[in-house]
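What follows are several structures.
Two complexes follow with chain A in common, the first pairing it with chain B and the second with chain C.
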Partner chain A sequence: MAEKTRISWVQATLLLINMVTATLILVVPAITTEAARQDAWLSALVATFGGLLLAFIFTKLQQRFPRENLLQFSITILGPVLGKVVGFLYLWYFLHLAAIIIRSFGDFLVISFMPETPVWVFIIIITILAAYAVHNGLEVIARVNILFFALVILSIVIIFFLTAKDMDFTNLTPILAEGWKPVVRGSLFPLAWIGEIVIGLMILSHLANPGEIKRVYLVTTIGVGILLLQVIIGVVATFGPEYTSHLIFPGLTGTRIISIGNFIERLEALAMVMWVGGAFTKICLVYYAGVYGMAEWFRLKDPRPLVGPAGIILVFFALIIYEHFIDFLKFATVPFPMYTLTTFEGGLPLLLLVIAILRKKGGAGNVQKNPGSNDDSSASTNSRLLEPQGNK
Partner chain B sequence: MLGFLFIYLAGLALIIWLELPALVKQKQWREVAAFSGLVLIGSYLSISMILRLPTPNPNVLIEAIFGPLSKMLEAALSGG
Partner chain C sequence: MIVLLLLTPGCWSRKEINDLAVILAVGLDQEPQSNQLRLTLQIAKPKSLTAGTKQAGFGPGQKPTWIISGTGDTIFEATRNLATESSRDLYWGHTILLVMGDRLARDGVNQVLDFFARAQQPREIMWIMVTRGKAEDILRSHAELESTPAQRIGFLIRSKTGLTVNLKDFVTMMTKTGINPAAPEVGLATVGLSELKKLPGPDNDEKGDQGNRKNEMPPQAKLTGTALFREAKLVGWLDRKETRGLLWLKGEATKGIITIPCPNHPKEKLSVDIMRGSTEITPSIARGKPVFTIKIKMEGDLKEVHCPLPLGEPATIHHLEKEFARDMEERVRGTFYKIQKQYAVDVIGLGNHFYRRYPQEWKILAPRWEKVFPEVGVEFQVQTSIIHSGFLTEPLEPWK
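Then we have the complex of A and B:
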């Protein structure tokens, strides 16, 4: 693809943080608390640590191929046939994830704010909006995301400080009353969501300076971890583990109880800002990865014609994928972490990295030496030179 | 049901009208083929959903494969 998109490391980091966080903090506290009870905050730490391991795999992989995206380097590593198979699996993952998040976006608005509006209205509107953003490319998404990110962070911080007077930190004790097992179990779900930074493998090939790949992943994972920890502590300290695990959207309920001097009340709008801003970024990014991945898979020059048809398929999957949001929670609790962590977020990247090391594909050390200066040509020729001609 | 069909066809017509003429004019046949393929898949799925015909739901498959595995893991971790 002859696309000259370039984004800075700040833009990439904010994209990834916003993509994971905004959707993570609304539903995850409930599921994690259900498994780990009052130790949910330890689960957040374990999940962040696991996220760092995943980020390490993604960093090593991307550093070997700084100017290639996931679909391109899977072909370089595995050869044309197996590479296309892996690429196809990832296309499936992107579309599935996009459909899930579009549906959750609609469900959240229907359940919490507009119970009489049918869900397809929200689904179609957000898909059209996201299609427009994807059509305009990654730079546009990255720029509009900075605005959304500011709103999301502001909302999270405001909600935390306004609920602070209702918090009772004895709710967080006793620590490790039942050992580490519930904590690990509770960490699987947030880890599956942090692992969505695998989408970074589709956008970091557009990084202006490929030497900053490591920084992007590190800052993203730690940033997400801190926000998750803060939200889980806030929610569990406010409601206690028993009540938190029965809520559908603990983050939203947290804003509903805010009442300061009988004056500052009913701040659900903040939760809505958080959700709409974050979900929009996430939909755009996953949709982008799906469409540009598809164009790569079909070897098209211009991915933009595929945006519309892909949108039709997304709307379809978003509509049929669940009967009700409770089905989503069930799916997200049991098979989803296993499904994503063993394949798309953990298994396949690890496999690709190991095979790349064994077959000595891609350059590991030549990225940091010449950052900035005409990085595009040098980096891509490096990886092309290292690629043997007749590889199978 | 007819209303949904109408919305769908209107949306489809809009997408085709926006994208296809430029592609044909520039003779980008690969793009035309990929575009048409996706439109066909999307139309098949959407129209069968609108007409309430059975449609594939991927989550059922995922649950069938990974559900038992996760249950095993859950059991291993819930012992305490």
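Then we have the complex of A and C:
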């Protein structure tokens, strides 16, 4: 691609963490707690380990093609026809995900803050904003995100410490009363959200130093895991597993009960900051992946003309995607993790990786020869930097 | 960007503060005949709250709150009916207090709590309480130090002399396995003394009589004990002394005063102020039945001594500590007897403690916990220590 965009590993990591976390922590604790009860925090750990596995696949895949994005290297691996089919599937995934997030962004604001505002108002406004960001490219999104990330993290930390006095950690016991089964079931949903780091495959080709791919994925997954763990523990300890599973947005309700010394109260604005900041990054990133993927798919030199049409599609898609938020929660508990984990976040990347290894595609030949050099010594980094040019 | 700037700062569902009627307290009753809900709202009158603080609570003209009441099959329906009476939009975001009449509470409160937990404006931190009689009367009560009854009750609760239960706590207790909810009970009482004493004398004309009636203190809200629930239905009450015992059992607010007779002069008394304490409940299984050990540790300071005691001697202090422990144990046992045998409601959450220790056994026990709980064996271990005895060692004695 003609674009000469470069982002640092910190920018990439923060983008991915913010994308997953901010939206994850509002909805996920309820769904996970419903399945795993007081063991929900174990589910978070299991999901993080699952996430590490996925991150491993993505890392290996990206390391083979450090300067190509998902759609480019699927063509390299599978050939023009099958590669295009896979690319098309991913385009669908990006659009679907973007529509889901845009809609739930609007729904959250309507349900919890502005009940009289129709949801399309939020949908259109956020889509216009995101369109503007995508139009300006990845570097802009990455820079804006650092600002948002600071706000999101600050909110999470403030909320955790201010609710600390309402927490009763005995709510987290007994441990494993029902065995591992509910824990694993509860971990599917957060895992599906962590798996969204597959979008990293669309942006990490812009990493200034491709040797840092592994670091990005590792830090992202562990960072998300820690934040998720902390939020689940906080919410379950505060409300107890039963009440938590009844709540639609436990993270929000957690901020609503903050009352310190009768004057630090009503801090829902923090939850709103968290949600709006995180959701915006997520929408931008998925939207970006969708638009640039489409451009790649249609072999366009400049993806910018696609931003507008894609935005219009997203608005309509978001409006019709489900009728009621409960529909989404129902869809999100089992069908959604199954659908994304088996295909876009797990199955397809694994398939691509296996085929790439079998067909010896990509620049990881040297990695295979001496597996010890995985821990990027500068020599192998440089050689990997040089390889893709040869491939193209 | 200009378009966005024009669009985004507007708020669709904006409400200015002077368009709102801020609800301070909510009272819920069940109508005797129709079984409909009666919703009573105490609404702040901003003008009299700010400008008229000095006269707050004096005379019906300057009352800082306005009380409206309406009925409906659901709470929300009742608010819609009330909306026709209130010139401003009702705003629930600052509701401090939810009082429920006992008639409603006996019928079950989970239906009415749904509205407050589901709706967006009411906060989960509003205090929940129950009254014998009508909730409406509590809201209409008088507040002497604070400007509104709602604030008065809010401050009473925060002083932690009784149980403190907010909506979130109540819902958690209701939904959690192996525990029954409890909420503070609020009642009306004439508290405080009138400044103007009724003068003795032949002043029997009409004017004087009226004056006296005016100077009688109107009833004020007061925390009178605890309401006990089974599932979501009110089943019984604890008085104030028993409430203290319940607080110790639950390991919640542990402050308070204990007055015990002097060891050597039983007629004289001494008072200990409890500074801190902890409660530990350990479940175990003995002969196939659940058994609980409740260990209560308390630390207190000596506050007042009415009898000559050699307080300089450590032995005396140890003796007092034992006395102190015996008294506490008696009170805790009294409370426990009442909730275990009389009402059979597990408001302490023994079942939950058992579940956390023995999750598998609890599965068998849970469905019939209501029948098992009155029979469980409980062992109390009360340990007390007296840390300080104030500025004096031995009590002051006159010269002989």
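Keep in mind that, in the parts below, the second predicted complex is superposed on the first by the 364 of 392 C-alpha atoms of A that agree within 3 Å, B and C clash if a C-alpha of one lies under 4 Å from a C-alpha of the other, contacts with A are read in each partner's own complex, and residues count from 1 in each chain.
Here is the rule we use: contacts are C-beta pairs under 8 Å (C-beta built on N, C-alpha and C of every residue); 3 or more make two chains touch, one makes a residue touch a chain.
This is a predicted model, so every value here is computed, not measured.
Novice: Check whether A:121 is in contact with chain B, with chain C, with both or with neither, and answer first, second, both or neither.
Specialist: A:121: touches chain C, not chain B.
Novice: Which partner does A:287 contact after superposing on A: first (chain B), second (chain C), both, neither?
Specialist: neither
Novice: Let me test your reading of the model: by the given contact rule, A:65 touches which partner, first (chain B), second (chain C), both or neither?
Specialist: Neither partner.
Novice: So, does A:242 touch the first partner chain B, the second partner chain C, both, or neither?
Specialist: The second partner, chain C, only.
Novice: If we overlay the two complexes on their shared chain A, which of chain B and chain C does A:73 touch? Say first, second, both or neither.
Specialist: neither
Novice: Quick one: classify A:259 as touching chain B (first), chain C (second), both or neither.
Specialist: So A:259 only meets chain C here.
Novice: Residues on chain A in contact with chain B in one complex and with chain C in the other?
Specialist: Shared contact residues on chain A: 178.
Novice: Along chain A, where are the residues that touch chain B in the complex?
Specialist: Per the stated touch rule, the residues are 96, 124, 178-179, 181-182, 184-185, 188, 294-295, 298-302, 304-306, 308-313, 315-317, 319-322, 331, 334-339, 342.
Novice: Quick one: in the complex, what on chain A touches chain C?
Specialist: 111-118, 121, 125, 128-129, 132, 166, 170-171, 173-174, 177-178, 238-240, 242-243, 246, 253, 256-257, 259, 262, 265-266
Novice: Touching residues of chain C toward chain A in the complex: what are they?
Specialist: Those residues of chain C that touch chain A are 1, 4, 7-8, 11-13, 93, 120, 123-125, 158, 166, 168, 171-172, 175-177, 355-357, 359-360.
Novice: Show me the residue ranges of chain B that touch chain A in the complex, using the header's touch definition.
Specialist: Chain B reaches chain A through residues 7, 11-12, 15, 18-20, 23, 28, 30-31, 34-35, 38-39, 41-43, 45-46, 49, 55, 57-59, 62-63, 65-67, 69-71, 73-74, 77-80.
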